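What follows is chain A paired twice: with chain B in the first complex and chain C in the second.
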Partner chain A sequence: MKLKKVFFISIITLVLNGCGDKSSTDLTSEVEEAAPSQFFGIAGYRVGPYGPSGAPIATGYIDYLTLLNERDGGLNGVRLSWEECETEYNTAKGLECYERLKTRNPLGPTAIHPMSTGITYGLIDKAPVDQIPLITLGYGRTDASDGRVFPWVFPLMTNYWSQASAIVRFIETKEGGEKSLSGKKIVLLYHDSAYGKEPHEILKVEADNFGFDLVMIPVPHPGNEQQSQWMRIKKEQPDWVILWGWGVMSGTSIKTAKKVGFPREKMIGNWWSGAEVDTLAAGPSASTGYIAANMNLSGKNFEVVQEILKHVYQKGKGGDESYVGTVLWNRGVAQAMLTVEAVRNAQAKYGNTPMSGLQVRWGIENLSLTQAKLDELGFGGMVPPITVSCENHEGPGVVRFQQWDGEKWVSISDWVLGDQKLVRKMVEESAAKYASEKNIEYGCSS
Partner chain B sequence: MSFFLEVLIGGLLAGIMYSLVALGFVLIYKASGVFNFAQGAMVFFAALTFVGAQEKLGFPIWAALIFSLILMIILGVLTEKVVLRPLVNQPPISLFMVTIGLTFFVEGLAQLMWGTKVYPLELGIPDEPIAITLTRWGLNTDAVPNVLKEINSFDLIAAIVAGTLVAALAIFFQITRVGRALRAVADDHQAALSVGIPLKTIWAIVWSVAGFVALVAGLMWGARNGVQFALVFVALKALPVLILGGFDSVPGAIVGGLIIGALEKLAEVYIGPYFGGGIEIWFAYVAALLFLLVRPEGLFGEKQIDRV
Partner chain C sequence: MFYREAGQFKKSYKEDQAILPILQDKIGVVVILLIAFVAIPILASDYWLTAILIPFLVFSLAALGLNLLTGYAGQLSLGTAAFMAVGAFAAYNFELRLPYMPALVSFVLAGLTTAIVGIAFGIPSLRIRGFYLAVATLAAQFFIPWLLVKVGWFTNYSSSGVITTQPIEILGFVFDSPAKRYFLVLSIVAFLALVAKNLVRSNLGRAWMAVRDMDVAAEVIGIKIMRTKLIAFGVSSFYCGVAGALYAYAYLGSVEPDGFNLDLSFRILFMIIIGGIGSIMGSFLGAAFITLLPIFLDIVINEGAEILNLKLAAGVTSIMQLLVFGGLIIFFLIVEPLGLARLWQIAKEKLRLWPFPH
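Showing the complex of A and B:
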């Protein structure tokens, strides 16, 4: 009888599996081949509450690695291999994944993208011991931008404080330029977590500098009901709302804004609130006019996207094609490109063999991707030029603004730079405090 | 005053949305004395099946609705056969624990079948102030007080749906033979069996009905936030409602929802700023716990008297 039950359930599960979403159920891995390869450990999340955001990023990352293997035979003759580990955006599982991935290859993983601020915090002390670089593109510790204190952490492209400052600059431009923010009111609607509180300090300073009134309203996790927060916003009558959301919170915010009649053209999401999953969850029409800051542009017109479609998807080796060209898939592709270019950089110094974590760290810290180089790689226009140094693990610190037109994101600005002097000052102060607490000696080793 | 009323009415209507989820819990509890931890997962499964059938199988809305309902019934029947039947007459804690396992299974099954993407759900219900809807329908709104004009059409429809469900379920439990049998089973499995009540059938029916309620709740919540995994968290909103209204009372789920909805919204707007905001999630639980001190069985819950 029991066997019958087990058989029955197994059959149902197998049949139903046929309807499933391939990318959401397969943990992709490229098995280690006989020849030594450059191994990429991928700590991603495709299931659970944040799966809709994690799946396109992981898919984009793997698609780019596949492109290099299929088109170029790897990187300077070295094949790329990888293994994906499901974290479900859970810190404990993320740490388990890290421990597992670091043993998968004699040289360890090239670099780890923890894909979560919580997991990043858990790994900051481990990474130097294991000599594995952490690349935290758009999340994690903002003050890790100071590479003298955090030599193994790279919040590449831009960090939360640069983003917050750039959003204020963008609003200033929209309001009519210099000194136009004086007397205005801006609401920060944020996820009530460490991530959501990240921009508080810099926005307070910016409010003092620009003379605008800042009102900060938290949304308790998960943020699937925001009636009272938006009633408060209605009462406050702000000129702008900055949305610092994540997961279901972002779509619910946009939808509730419509419900209470707040114009979406006056709402600016950060880069974790500015993807298709957010606008589609709210309903494409409810989201029309909504603006979001981003570190990469969406769309399929970039050369690299066309290359992936040609060399990966046409051969049936890609993930879910509906992700291609979306904000988060493009971000995954950009993440992979930055990691690969760091390896290429390291190979130029150490030779065309698989690189160790120590060598890749050097590669990231000395990375310089000019506009010409980005154009050559097919990334022209998708991401900004980036130069990393020992002191500056962030790079350019710029963001670009996109607006939802009812069907897709449309770019409405050039790359916008915030008050980098202020951001850098705050980064260095915070990093110095951390160094003092942990007894870390300042310095640059490369 | 009008802002206060606006917050109050908004809270009452938000509370109705919580009640929709709470109803599913009540049904299972009434019939088996089990707190069904998997109710949130069932809401997610039902809504995802509805949109998944349209997106992946190309079903029209009506067919997707029937298909989802059939799957929810199959899930209910299988739950009885595979999960509950071996646990007849076991301590309630065993039944509760098994529903925790069921949660993970149902969550995983839903994602396995339909993927993890976010799907927008358009039910054709306007999500706008009622004055705009009425004007669009060519009706004159001059006689409607301003505060009522601000009521959201979607919330109002949700309230009507919840009210209809409650009325239907109340009739089902009070008048029908099956409803009376359900109550007997909830009191004592063994005693119910000994007087000839078909426990297996009763449980299969109640899990199927709970599946239907989960589908309705999933559609309403999915239309509001998009169909995505986060739907499982709506169960968190239902817990204080159940504590306040009583775990075994269908009308209690509605009244509890109204009270919790209104209290948490008023607290967030008027008290929240003094605490830095974000208090509504715990305020609802604190209110429910305080109420427990006064009336442990909830507002409408059946008072438990044990003979010593």
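Showing the complex of A and C:
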């Protein structure tokens, strides 16, 4: 009986607290209105099976925003504010986060990085209605690169198909140049999910063009047991293995490759299987020689990383110093930089005030970051120069290859471009199919 | 004082058999329906509608479907999410291939398709029961998403296996705003809940309960076990299928087969365990508990940390939320193992005597 009373009282206090908190939120938002800020909604994940990959990205994103506030006092005099919402890589939770972040600021969030292909798909229809740009750096819908059909979605830098095509080009140069791939055998070892199926079509076309044998082997989620897949790879005797893994799967692949004696120098991971979390999970020495494609380089030798260490971490305002300089943390920083530069671009046109989603969309679509500009921002060498247009929401479409030397990633190539003509053709076909399914009239308005 | 049935006489069998025999219950239900149908669409913000109320209603429907099967007919199932997937993909294909069909018809057809699939997977229940049956339904949980990924036709050969739903359109009227979608979902859920309530009071419902309580005895008094169990699977799957279609069309807008995983099945099972097994109302209470409490806790913890000026890392709040949530589930089950619906029943009995218990 007593227990129940305690319980009911605790419930009532909980509810009352909830109400109290509500009113206090209103108060804080009023304060925010007094000093308007550019609000960044961050949908990330730090818990759950993919948390180890999500945490560095979100930390990098926030560290860069903190850097601007600490060093420059914001962006052209406008303070940056943000709120992180935990999605656990779950589509339903991601949508809840999106709806919540939408209400947080009079202007709404600047742009949303859903950080999950599933959540991206869920938001594609909502973004135009709410006028919030979606930036999906290296994930999400590949055909959104066609900005005429997807005006609000920006798969910046490069997409899955460009990447797959670039990996094939890279293998070709490794094998000794033109026509060297004919008669060779390449295995695609992929996560058996929407994400893992992305490169199938383009690799099939590339296999015809180059004359290599393509063998596709699925790994069921979550992929922590791959003995049978690797026995099959051993039987097939491929020249190369392309690894399209995610989370625990990538590390297990490298580990099992070592067990069955497949050379790691002949394994190429994509950018979601090429981070420190993967190689360290497999064991630093087991991973030696493993190659991964990447859209940004890792390491602390970039000016912006040093700036963040100086202005953010030395003041004790950083997230977690052990992430600094890793592949995924650098990617988070690059994501933040692209978003901020889009806002800066919009400010140049609309004035130095907080920008709305509509204005930021213009800012992204007309973004042009030359090498000189990147050097000035401290990102020289970390990311490729990028130019966005209405037709092309992807940008350069290049990737760079890094190899694990037993302790860290070392860059072993310049920026490699795939068969952009082929990628573009497939993107346009796929986007046109989507447009006809959805009855979208498309084109460039401006 | 207010909740008392003294003086309310039933003068005919019809009155005696009414769903809500007590006047106060009738008033209560009318008030709830008025709030749900009139007040909420006017007052609630888009955030409330899309992120909280629509998922709550959709999960209530799925929990209701599972409750008919597990709570009333006594057949434990772990395949709820798979049946929802069938409903979602069936509705998508009906709309895609027969574009002029009103959405409502697609939803019903999706439900019927799911019912057929459910009956097929219910066949093992004729020979095995309890935990062994749970394992058999687990097969559905793994087989169906695998099939949907494997056969490209189901997803219209989408390169990634994700489907984007068509707009919900009924005879030229498009449900495009959150309030309209909420209204549609609410109408469907309210109607199906009424049907379910009547089903379990009918001959069929009594047969289900007889089978649940002791199938040998039920067979002895002349209940056809096979028919009863398979109908239970069919009806339950119909509800789950419609819930799946609404999950895709009214809530997420795009789904992939992997989204309907075992995790979701367990969530729905927990809803009925916490809400109350064998109770229509329990399905709603359980769905509310499981879908709304994490969001509520998340907000309370975040705001609380802000007020106390604690700087919490984002991951910490999520983990705290999981801890508190898990703790509350255990607490509730200790306080009331029969679920929230039982708690409500106890409250009603107390109210009858209140304020003079003696």
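The definition used in the following text is that the second predicted complex is superposed on the first by the 412 of 446 C-alpha atoms of A that agree within 3 Å, B and C clash if a C-alpha of one lies under 4 Å from a C-alpha of the other, contacts with A are read in each partner's own complex, and residues count from 1 in each chain.
Keep this in mind: contacts are C-beta pairs under 8 Å (C-beta built on N, C-alpha and C of every residue); 3 or more make two chains touch, one makes a residue touch a chain.
No experiment lies behind these values; they were computed from the predicted model shown.
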Point to revise | First, second, both or neither for A:S228, with chain B first and chain C second | key: first
Exercise for review: Could you look at A:D192 and tell me whether it touches chain B, chain C, both or neither (first, second, both, neither)?
Suggested key: both
Point to revise | Partner chain(s) touched by A:G183 [first = chain B, second = chain C, both, neither] | key: neither
Exercise for review: Using the touch definition from the top, say if A:G247 reaches chain B (first), chain C (second), both or neither.
Suggested key: first
Exercise for review: Using the superposition on chain A described above, determine whether A:V277 touches chain B (first), chain C (second), both, or neither.
Suggested key: first
Practice item. Could you tell me if A:G406 is touching chain B, chain C, both of them or neither one (first, second, both, neither)? Key: neither
Exercise for review: Look at A:A55 in the shared chain and tell me whether it touches chain B only, chain C only, both, or neither; answer first, second, both or neither.
Suggested key: both
Review point. Should A:V47 be classified as contacting the first partner (chain B), the second (chain C), both, or neither?
Key: both
Exercise for review: Residue by residue on chain A, keep only those touching chain B in one complex and chain C in the other, then list them.
Suggested key: 17, 21, 24-25, 46-47, 51, 55, 192, 221
Check your understanding: Hey, which residues of chain B end up touching chain A in the complex?
Key -> 3, 6-7, 10-11, 14, 17, 52, 56-57, 81-82, 108-109, 111-120, 122, 127-129, 152, 154, 221, 224-226, 228-234, 237, 264-265, 268-269, 272-273, 276-278, 280-282
Exercise for review: Note which residues of chain C are touching chain A in the complex, please.
Suggested key: 45-47, 50-52, 55, 96, 149, 156, 159-162, 164, 166, 251-256, 258-259, 295-296, 298-300, 303-304, 306-307, 313-315, 317-319, 322, 331, 335
Review point. How about chain A: which of its residues touch chain B in the complex?
Key: 5, 9, 13, 16-17, 19-21, 23-25, 46-52, 55, 192, 216-222, 224-225, 227-229, 231-232, 235, 247-248, 251-252, 255, 258-259, 261, 277, 280-284, 286, 322
Exercise for review: Under the touch definition given earlier, write down the residues of chain A that touch chain C in their complex.
Suggested key: 3-4, 7, 14, 17-18, 21-22, 24-25, 28, 44, 46-47, 51, 55, 58, 84-86, 88, 91-92, 95-96, 99-100, 102-103, 117-118, 121-122, 124-126, 141-142, 192-195, 197-198, 200-201, 221, 319, 430, 434, 437-438
